[in-house]
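Heads up: the structure comes next, in structure tokens.
Chains here go by letter, A, B and C, matching the order in which they are written, and residues are numbered from 1 within each.
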Amino acid sequence: MSEKTYLQAISDGLREEMRRDKRVFVLGEDVGVYGGAFKVTLGFQEEFGPWRVLDMPLSETAIMGGATGAAMMGLRPVAEMQFADFVSCAWDHLVTVAAKQRWRAGTPVPIVLRLPSGGGFSGGPFHSQNPESSFAHIPGLKCVCPATPEDAKGLITAAIEDPNPVLFFEHKHLYRRIKGEVPDERYVTPIGKARIHAEGEDVTVITWGAMVYTAEEAAKAVDASVEIVDLRTIMPWDKQAVLDSARKTSKVLVLHEDTRTGGFGGEIAATIAEEAFEDLDAPVRRLAAPDCPVPFSPVLEKAYIPQVDDVVRALKELIEY
Amino acid sequence: MATGTAVEVVMPQMGVSVSEGTITKWSKQVGDQVEADETLLEISTDKVDTEVPSPASGVVSEILVQEGQTVEVGTVLARIGGEAGAAAPAAEPAPAPAPEPATQEAADESEAAAAEVAEPPAQPAEPVVPSENGKSFVSPVVARIASEHGIDPSQVPGTGAGGRVTKKDIQAFIEAGPPASMKASENVAAAAPPAAPQPTLASTPSQEPQAPGEGETLEPMSAMRRGIADHMRRSLDTSAHVTSAIEVDMSKVVAIRAKLKKEYESAYGVNPTYLAFIARATVETLRDYPWVNGELRGDQIVTKNFVNLGFAVELADGKGLIVPVVRNAETLNLLGMAKAIVDIAKRARDKQLTPDDVSGGSFTITNPGGYGTFHGTPVISQPQAGILGTYAIVKRPWVITDENGADAIAIRSIMNLTLTYDHRLVDGALAGRFLRDLRQRLQTWGESDY
Amino acid sequence: MSIARVAEPSGSLQEVKEWGLDREDLLQIYRNMLITRGVEERGHILYRQGKIPGSFYTGRGNEASSVGVAMAMGTDDVGTPLHRDMGVHITRGVEPWRILAQYMGRADGPTHGKDGNVHMADMNLGLVAMVSHLPAMLPVAVGCALAFRIREERRVAVAWSGEGAMARGDAHEGMNFAGVRQLPVVFICDNNQWAYSTPTHLEYAVEHLADRAAAYGFEGVVVDGTDVLAVYREAKRAIEKAREGGGPTLIENQTLRMEGHAVHDDAFYVPKELFERWAERDPIERYRTWLLDNADLTDEEEDEITGYVKKLLNDSLQRADESPQPDPSTLLDGVYATPEDLDTPHHK
């Protein structure tokens, strides 16, 4: 074990897979000489050469379409969108081609798409979004949202191993702020399994990504035993872990950084209502960003992204219900 | 800037994911004059090395972080102007002349006025609307626990919003034991799990519980127990129960089962129980006796072209009984029947039955023989017309007649079967013929019969 | 004026032999063109009989372009043919009965009823199934070529599009990237002059779409798409050039879509004279004439070929019609791939 940042953990996991498996290659804008906009692939081109670490033209369509073709030919592309927001330019290949090819034509498309996502640093409407729910809605795609360095490494490895297109949402706000112990050896964190970030008895917070830490801070500020479930992957998602925790505490807050309407929290809340109704002692609550684009001004952004105080307020309401 | 207020120099954010920076060099020292935008210091981050221009003109009054030190983005590094140590109160941030990223992060870090401005319009939870007495709303989990323990939630002191009974309240109430004044509420049973035989509330005994006598303990009836009590009473009040019994030589079935057991278990993972054989034979026999598989509905006699076969299953805790139904049992062969019985028994014990699983039966088999009993008079599951009882298979001396007509005594596996029938519909002779045919099927079971 | 090279028409038997086609190849081309048209004609009949759900598209007029290119491909090459390119499927060896089963949404179609019409492909024959968002297949083909380049294999990807698809950004991004990296890919543009009802002057402003190749740093060629041997020759040149590391080529095959966009469309917007003019250049009739004039096609040979095709189609129709409807319980099969799915020659 050694202490790593979240970013270093992703980088380590990716590098290790590239060393193990010649089929794995990286493509994206500025991933080579520059090492990626966030330096996740720093030093990769020196080690693996320009044909396994490809600096791409500013062409998300070519990146995603190219990754799709290469995957069909047996390679394991790890494509990077410089920011998750830019995936809109690659939508067609991801959703129209890659997601459906196995189902309709029998051709598996093993791709990892790395998506630096999330706000909290005045990135504005085009550098801060959390578009995971849009893709969780597309059958054939998997969506992974690690919160800890250990999970970041284990899940990037799992994503590369997976025979499907996997969207790897790496939260920019965690890149260098979050450090943690990461096993040095190779390991796989299973896709579709939640992690209990904190055990508790009185109320449950279901969340993922950077909001895990917001929930953690909020839990310290309330006089109750709060269970925090870090979903880790939202497609497939660990329904059992969510229902188990809901049945245990009978009060649930679903928290995410993505906007509220159509956010993945709605699916979670609906599932709890359907399958754990007789275990509920309060309505399932959602706390999410309001239904507007991500603002630039720090003041506005703070009003947009759920803050510790917001979570505390929601928890108190549930506790006192 | 000739104000008396110091301007803070903060560690800028050199990229969206950068959280800290290291000071590599101070270009000015305390006491030096610096102009706005003139280089004040040099920093190094994970991504880039850069010079930091001064956010204001004035004299460097304080340097708070020394060369070589690494600090978080937004940390105050120095102050310009004002009096040393007399920084502007954070609540009145100087109008940001510093490089943009610095002020962004500074604002982020500041817990002062900005945060209050930023406070989103509090989104109050939908207020819990207390009803008239302030505590009548029962949450789903409280309703369930109340029903499982036969508790009237209105008797539980509530500590939730508007005096609502919370899950914790009712759990604490149960742990403390029921007060003497506690009475089973009729409302509770309405929320009984669907698995319980339909309780009819009208006939639920509703005596006031009395204080336990010496050596006695009181325990509230569970919803299921109340449902069973009600159903049993109602059945006896409804049907004219008569029981006939017959002895069956099960030797052939015993032999065939011993042969099939290994094959079924290895190939299908299922044990061909005697019950499965009996159920198969019963379904076949019911074909010829539609009234035994029928029911009385008002003045009408109802017969059915299907057999929905109920099996009485004891729950694991020994505190209840449930009758899950195998639908369309007439479509199942021996293997299918064995599997279906295993499935419903398991789901009954795991409490995984759905309401459909416990309704709509047309005939029932009960099997108290597992404990060695050889006779019984079970109660019919309403509105059916009969229930078959199966009992222990025991080896007994048995008179057999060989092909020459000579009698001899042999050791045979014998089982008693009872048919308890509703004499309103089924006469004794009909019941006798039914039992005779059923016995015939079991005694002549062939290796190729399934 | 044209920037792209305008290819000369097909030559004599001697020239054709020099390109690598022997007499059996020449007859095979004829056979494949007849099967291509025959499958679509049978499909059209089935559609009008109510046996094909949804819509139905044909590539009438495009037989030379599709068969000619496919004949030039190597066994290990791959392609992303579109809905006017039935000849590619036929030439690569997809059995006609499976295509008819696909049309009818049956269990034995290559997509087992999950997708319809020409949205199909057999990956074992080096074909990638198209999507309706046609130019999306261009970057995919480029990605296939990228894989070949990374692994240093001597394989080529062939990407199809129409002149309509060339207006989308996907086409630009795919070609630009292929040019930048000089990837082993050949772009075939079937310019059939009508994108649904939209004529070429509302789709592009250059003289030839192949002129655009120069802007991406590779060669563009304009070919008469009704001349199967000219198409073959240019495709062969481009494919072998790509195989040798010479980078991409954009080939514009000029044809006319001889029917509506789909069967519901009577193409009223296409001038009648245009149809009449291009009908005189019917690719199959034209090639038959060439065979008679240059290759001494005998009556016996022709009867043998047409008889074979007719029997093949009749048998195929019967077999396809016997194929069962898909089982609704298979609906969710394959939404997600399993590790075993990767156990194919492509993924070793």
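Everything that follows uses one rule, which is that a residue touches a chain if its C-beta (ideal position, glycine included) is under 8 Å from a C-beta of that chain, and two chains touch if they have at least 3 such contacts.
Being a predicted model, the structure only gives us computed values, none of them experimental.
Peer 1: Considering only which chains touch which, label the overall pattern as line, ring, star, complete or other.
Peer 2: line
Peer 1: Relative to subunit B, which chain has the most distant C-alpha mean position?
Peer 2: C
Peer 1: Comparing chain centres built from Cα atoms against the global Cα centre, which chain wins on proximity?
Peer 2: A
Peer 1: Taking each chain's centre as its mean C-alpha position, how far apart are subunit A and subunit C in Å?
Peer 2: It comes to 40 Å between the two C-alpha centres.
Peer 1: Can you compute the centre-to-centre distance for subunit B and subunit C, using the mean CA position of each chain? Integer Å is fine.
Peer 2: The mean C-alpha positions of subunit B and subunit C differ by 57 Å.
Peer 1: If you average the CA atoms of subunit A and of subunit B, how far apart do the two points sit, in angstrom?
Peer 2: A distance of 30 Å separates the two centres.
Peer 1: Show which residues of subunit A lie in contact with subunit C when the two form their complex.
Peer 2: Touching subunit C from subunit A are residues 25, 51-52, 54, 56-57, 59, 61-62, 64-75, 77, 92-93, 96-97, 100-110, 139-140, 142, 161, 163-164.
Peer 1: Quick one: which bits of subunit B touch subunit A in the complex? Just the residue numbers, please.
Peer 2: 13, 15-20, 46-47, 101, 103-105, 107-108, 114-115, 117-120, 122, 124-126, 128, 139-144, 160-161, 164, 166-167
Peer 1: How about subunit A: which of its residues touch subunit B in the complex?
Peer 2: Listed in rising order, the residues are 7, 38-39, 116, 120-123, 127, 172-173, 175-177, 250, 277-283, 285, 290, 298-300, 302-304, 309-310, 313-314, 317-318, 320-321.
Peer 1: Mind listing the subunit C positions that touch subunit A in their complex?
Peer 2: 78, 110-111, 114-115, 119-121, 123, 128-129, 131-133, 136-151, 157, 169-170, 173-174, 176-177, 180-181, 333-339, 341-342, 344, 346-348
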